[in-house]
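In what comes next, subunit A is part of two complexes: it sits with subunit B in the first one and with subunit C in the second one.
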Partner chain A sequence: MGYTLNFNLIWRHFDKLWGGLLLSLELAVISIAIGIVIGLVLAVWYVSAGRVVRAIIAAYVEFIRNVPLILLVYLVFYGLPTVVDLAYSAPTSFVLTLSVYSGAYLVEVFRSGLEAVPRGQLDAGKAIGLTPWQRLIHVRLPTMLRITLPALSNTFISLFKDTSIASVISVPELTYGAQWINFNTFRIVEVYLVTTAMYLATGYTLLFALRLVERRFRAAR
Partner chain B sequence: MLSQILYALPFLAEGFAVTLWVSLLVVVLSLVAGVLLGVGLVYGPAPLRWAVRIFSDTIRGIPILVLMFFVYYGLPAVGVHLQSFWAAVLALTLFKTAQVVEYLRGAIASIPKGQSEAAMAIGLTFRQRLTSVIFPQAFRRFLPPWINGVTDAVKGSALVSLLGITDLMQAINQIIGRTYEAMPLYILGALIYFAVNYALSYASRRLERRFAFIRD
Partner chain C sequence: MASSNDNPALLDIAEVSKSFGPVSVLRSVSLQVAKGEVVTIIGPSGSGKTTLLRCVNFLESYDSGSIRIDGKEVGFRDGGARQRRSERDLAAMRAETGMVFQSFNLFPHLSAAGNIMLGLTKVRGKSKTEARSIAEHWLGRVGLAHKADSLPAELSGGQQQRVGIARAVAMEPKILLLDEITSALDPELVGEVLAVVRSLAEDGMTMVMVTHEMAFARDASSRIVFMADGGVSAVGPPKDVLAAETTNERLRTFLARFRASHF
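Up next, the complex of A and B:
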């Protein structure tokens, strides 16, 4: 088909990809950290709340999970500033979106984890005289974390991949860097091969690291 | 504002039809391809198993967006010319196929080995073992995750807007480009996607319960 691979131009512009990958990771880490806070608070609240609060939290989770991320990204970046008096950069806007997005997925993960904590453990906590707060910190949350770790790892990796959507609002992360090289050098096949390799290497390194964490906590049981 | 949105409704409906059409194509094509490759992964000869494993792990390891740009810009570069619509469908289908492969592998792996051995003991051929023993049981394990994944296909279809295909997402962006009513239209769009996906996941929960009662 007459296409000769030539990676020279990719290496010349490799800083676009490398810098992009670092930004992707940064976006993912900040958003996931905020998402974990949202998820934990709402999940703990959910399992002990009345019907109204439950309905509100469920509505948040269901709404976010059933709408494409790209639409939420547009909504926050192009829509929100037209109705509220706020100005933010594209990366901030994306972090805000991905935080709220990951929060919804993490509420679900944490909620099902909390509900899977064996009843006997809570009773045992009560029997030795722990206050509800102590039971939460020393009994429910540690057990819940151990139960949810595999699901958490998968959610984290999928959120890392979701950072590629930031390219639609010109955040210069990895996918944006790839497109830039695609449009400016036309070494199309090469740039996507290298980008694919970078996503795979990062994703599987993350997965491997998270599996190590899982194994450590399983041994501690 | 309201009149402008009402005026735009037929255009939105056209985009919505494209969204549904893309989703349907992706769901059906990936089901066929995924089941074939999944069976290859479980029962095929070693080279085929390796090929499917590499395919699935690679595709699932990269963002759909990267896969889509790779297919859309990469195919013409190597001399394959597809309409942008079909390039988008191909990319989304590849992604979904990898998922279907994993659902099927998981479902087959969950069937106890004794089932297959018993079938062998009573003298069923390989094909009979698959069609009368393994598949009927694996189907029930396959169905819930697969149906859950259908909403992913609808959500993923919004990415085709980036290739200039006028689906619901693109229709919304175009109307905003003319009316500058960003917030109402994005919310309207979110509600439409929500309605479709919520209905799908509601139906899937019903279906799951239907199939749950015959569980062994």
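Up next, the complex of A and C:
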């Protein structure tokens, strides 16, 4: 064991990691935001739709859940532009992929939350004369949100970590930054130690923030 | 049953039948309720009491017959074609009836006042300020003025149910439907809820109430309806219905079982 840790080279290139982390967060936030819209719309549609629509939405969810994200990333970035006449940058391509990917997971979270809203609350909404749309906005969604918050937090953290896969199409996010430093300095242990610490710290911060939101909602239960 | 020609009933249930698959839950039920009446429905579980009540504000549909409030068909379009009303029309019709539930069904994310205000602002189109003062008025009536900003989870069952009543009556419904509203309560909390119902009755609120509180049914209602096997087995003023025990075997069985379990 003659390996001596030396972090100097890591600090010299730390901007690669820091900039990478910021890009990772940006990719995650945009993709999750789009995924939330996809998830909400499809979940609400699912619970009120007929068999055909349900089957189509279920197929989308099953497809995404059973194909590795890395394959989807390759497909969208390398495959899609060769079939259709489209040109997009690697980050755009990845955001597109992760949005559709997170949408599928969020449909499941929101759908189960919507179905878990007690029937009695919906009856109460009907009984005071709320229209279906008003029942959705003022009764069903607020209750669904507090039911799904813990599962949502886990999904968000997981999706944030999934941004590391963007490195395979050279999106300069955190993992890509780590690889770059590794290739250029060969300080493999140091760079991945620092990178791991950065993922960990960010993940914990996110989790902590989301738990605060949860607690606020639970207190308001 | 009394003729309603000269004094049209506020609620007119005519020959309503409903079945879940092969099971008949309502068999040609007819019942008229006049303005200001308090009608209690009693009967063994599975006799169709709750289903009948839920048909009145169309939380449940029915297969045949008609239910009218103030002469207007509740769930189906006028013209007799048995076309279900649009959701928007249904919502408007339901706003004319109030309902209080066995399991309270308060909106958990809204305060006591918020629960009452939701219908007032969204359905009645009242301003927040006006809705708030109406909510406070009714919370005062049910003895919960000091709990306006409490969330349902911070209230006892009896308090939650009183908010449930306030939420229903604040909408100024033509009829109040009460579905076993004390069944989920601890015995010591039943009294406070029934006291509120009693005071509403004194105000002239028209009420149809499914209940197991026999003493309350006897003392506070204008008429008792005894349901058995999806049909009306006996109906009339409390003392007549309770006296019909001698001739009505189902009623006798029901009351005997009831006495055995409650006294």
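Basically, the second predicted complex is superposed on the first by the 221 of 221 C-alpha atoms of A that agree within 3 Å, B and C clash if a C-alpha of one lies under 4 Å from a C-alpha of the other, contacts with A are read in each partner's own complex, and residues count from 1 in each chain.
Keep in mind that, in the parts below, a residue touches a chain if its C-beta (ideal position, glycine included) is under 8 Å from a C-beta of that chain, and two chains touch if they have at least 3 such contacts.
Here the structure is a predicted model, which is why all the values come from computation and not from measurement.
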Subunit B and subunit C placed together on subunit A: clash or fit? fit
Practice task
In the overlay, answer first, second, both or neither for which of subunit B and subunit C A:Ile128 touches.
Solution key: second
Message: With both complexes overlaid on chain A, does A:Leu80 touch subunit B (first), subunit C (second), both or neither?
response: first
Does the superposition put A:Phe208 against subunit B (first), subunit C (second), both, or neither?
neither
- Contacts of A:His138 with subunit B and subunit C, given as first, second, both or neither: second
Rounded in steps of 10, the angle in degrees at the Cα centre of subunit A between subunit B and subunit C is 100
So in the superposed three-chain picture, is A:Pro118 touching just subunit B, just subunit C, both, or none of them (first/second/both/neither)?
second
Between subunit B and subunit C, more residues of subunit A are touched by B
Superposed, subunit B and subunit C have a smallest C-alpha gap in Å of 26
Subunit A positions within both the subunit B interface and the subunit C interface are none
Note: in the complex, subunit B contacts subunit A through residues 58, 61-66, 69-70, 73-74, 77-80, 151, 154-159, 161-162, 169, 172-173, 176, 180, 182-183, 186-187, 189-190, 193-194, 197-198, 201
The subunit C residues in contact with subunit A across the complex are 57, 59, 87-88, 90-99, 101, 103-109, 118-119, 122-123, 151, 153, 167-168, 171
Residue positions on subunit A within touch of subunit C in the complex are 118, 120-121, 123-132, 134, 138-139, 142-143, 146, 220-221
The residues of subunit A that touch subunit B in their complex are 1-3, 62-63, 65-72, 74-75, 78-80, 82-83, 161-165, 167-168, 175, 178-179, 182, 186, 188-189, 192, 195-196, 199-200, 203-204
